[in-house]
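Sharing a structure, written as structure tokens. Questions coming.
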């Protein structure tokens, strides 16, 4: 007996749209990138997905107002003859394997109803160490999609055959399930330490997305976050037990 | 395949009633407060909810009589032209995320059938240290509800926007799900160490509720518990490993 | 989507029968007692319950023959004008809370179909230390059942009201759910260390059951097990790290 | 609400076919053996099972192409008047007890539709130490199946009655559930340390299968893997903390 409720604000029919996923994950890279896009593109709230596959909790927002944990769609109507975009974000992914499947299946169903034909998922690729110039690695559902991503600057490692590489969670599942539903897609993974929320890695992903979507993205706000985290990280490098003492502060950078 | 059975003793139709939740949680604050209210107001048993979302166990009561784990409604008909009240309590919350959702959805459904239009949830706000004068913090589903709680003495922290604050479990979920069902509500969280059952924190919540509900509550029995715990705590302060040695005794104060 | 299959060997209609549960638990006391009863009373196999609430595994029996994990009914037609008995046993209890509920509900349904009107559950009461003369403690669904058990020698602790005492798992759940279905019942808990399979505790339970059921039970085989475990335990008392070195041997005593 | 989708490439009706299972497990023995058989017999892809009982993840294959986690059937039409074979393999088993049951029930249903009348499951028997000449141990659903396996060289331990031996996961469950559906079967367990993927143990199983299925199996590729692992193991024997330093390398041998 699963609970699922869709609260619709505005559910327009889009044309040949792209779904871009940015749920929480490694280094919060995907969520940082998509939250930034929603802000700078002034994307409109479309709908909220409430589900018993998400944690049983509420968030306390500004002014003490409560909101139930959800996954949300925002949409962006692209005036310049480019493809429309739906952004998927939220505070949590599904809590277990059944929950992950149930939520992703519902997300794909809703996305298709709104005209989505392609899925781009965003995430972090954890390296376990600080990386100065994070690359953006990729994976995709078809060779033509791989080539499209390569042209935009995404890198594909040559030796993936042997490495048991995989993508865990919504960033992988949306592509795997989407393909069963006839949607092509790809995943952009920004290299990141995995220790802290990483706006630098998110910034690299957005640089790629600019080319991929032929869209102008104002990155100035994200640049500020990059500097802020950079300053904290430098400061931490001088401390003996850096993560314990200041993890909280860094988490504020969302 | 979930099991759910409602055993009804008395299910009156109430008018514009308030549901007050006091299930076990941090410092057992909510449960202590609601159990006290049921006693001093002599609230009547309404119904029992048995569910496979609760632990598979029975309690052994006085005289060796067994009772299956449940959540219970008691109701209080308010003669003095004030709103009627339903009290929700029990020995356990739902065991996992699906269980939490399923139980809270059923509770809201039953509450609405009985005439509930507002939900007040009670809980503890864990500080990790002993606090001498616990405040009562709040969160609510609407600005008007926030204002109502403020007027009764509930405090709202100003910087909650940045803090990722949330309410986990039934105290949050009943409000989040209730709002989807058209019920407004708020949560009262008594500051508490989180280490022991805390009647002092529960007492603060009841002081607020007196104003909020325009109701007289005899607090003498709770005052005794406060003194008892105070004495134990002082005694413990002189011991090297206080919690290990006397946790059991303190748990008796329910 | 739960899997449940009942494989029936012989499902007679019994008259005013008692269900006696002996699934694995603390000290394996309940299972030891019921397995002994099935043997000495030569009870007949009635049915097997296969369920996805049980572990996904098979047992390898004598000769290398596999059998799927299950719960089983054996029945005993009591010729001497006494009540018939159904014995419930198995290698495992349900694996999680939903599984425990689902299995117990099905067991009660099947038991009622076969004419069961009363449930006696058997288990261990873990003390955390070796006990020389284990008592048999009780709990029951009604005062009349409490009195019946007391008359047969079961002890009821006086101060249970304060102690948050409970019975976890099938031994409790069958009674709690059974009562919702109109079946009265009681639980016999043999005191045991909880460290090893404890035939001595099982023996005490069977002594009580002899009186309760007005039935003659040959205890000689169990007496041998008691002696065997006694010898091992004495031997262990001289070793520095007893449990680690010989847990395996003691487990053979089933 | 479980997700299950079968993607069919080719689902021929076979005659009196055998299902051979080689999902991941102890020492990866079963998967190594079945993957080898699929390769050398050039078995054809039949169908893919996608399920929310499997992990919510995708694999990244050669060229960066994503594939959703699944279980797969390949089939081999045996021209030489012998029985046809369906091979079951995949990257994962079902994730929890419900998932294991659900997947195995579906697998048996599909296998029966395709004409399977017997199931052989392959796995490792973990010894916790390196073994030079691994034996192949067996268990089966019937005495005639035990005898058939014995004739092919499978060993059955004499004292299994006392040992609480069992088979956990798909290798056991397919046989236990299959028998409820009228399918006989057996399990071949190659002795293995359990520490590393073990092609030597898989090789022993294939030697048995050659006799059991009256089929010629080219083992040269597997011999190379055996040598490779042997070399690594010898090298490791000289190191102080062998597993930590080179576990990754050995895992490449699939």
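Which chain is which? They are A, B, C and D, in the order written, and residues in each are numbered from 1.
The working rule: a contact is a pair of C-beta atoms (placed from the backbone, for glycine too) under 8 Å apart; a residue touches a chain by one contact, two chains touch by 3 or more.
Every value quoted in this text rests on a predicted model; they were computed, and no experiment measured them.
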Practice prompt. Could you tell me which chains are in contact with chain A and with chain D alike?
Written response: none
Worksheet item: chain A and chain B are the same sequence; what rotation (0 to 180°, nearest 5) superposes their CA atoms?
Response: 90
Discussion item. Counting residue numbers used by both copies over all numbers at the interface, does the chain B-chain C contact come out same (over half shared) or different (under half)?
Written reply: different
Fill in: From chain D, the most remote chain by mean C-alpha position
B
Fill in: Distance from chain C to chain B - Cα centre to Cα centre, in angstrom
37
Item to complete: Take the average of all CA coordinates in chain A, do the same for chain C, and state the distance between these two points in whole angstrom.
Response: 53
Worksheet, complete the sentence: chain C residues touching 2+ other chains are 2
Worksheet item: Could you list each pair of chains that touch, in label order?
Response: A-B, A-D, B-C, C-D
Discussion item. Residue numbers of chain D touching chain C in their complex, please.
Written reply: 2, 94, 97-98, 100-102, 104-105, 138-143, 146, 156-157, 160-170, 172-173, 175-177, 179-180, 187
Worksheet entry | Partner chain C, residues of chain B touching it in the complex | 1-3, 5, 7, 50, 52-69, 95-96, 99, 251-252
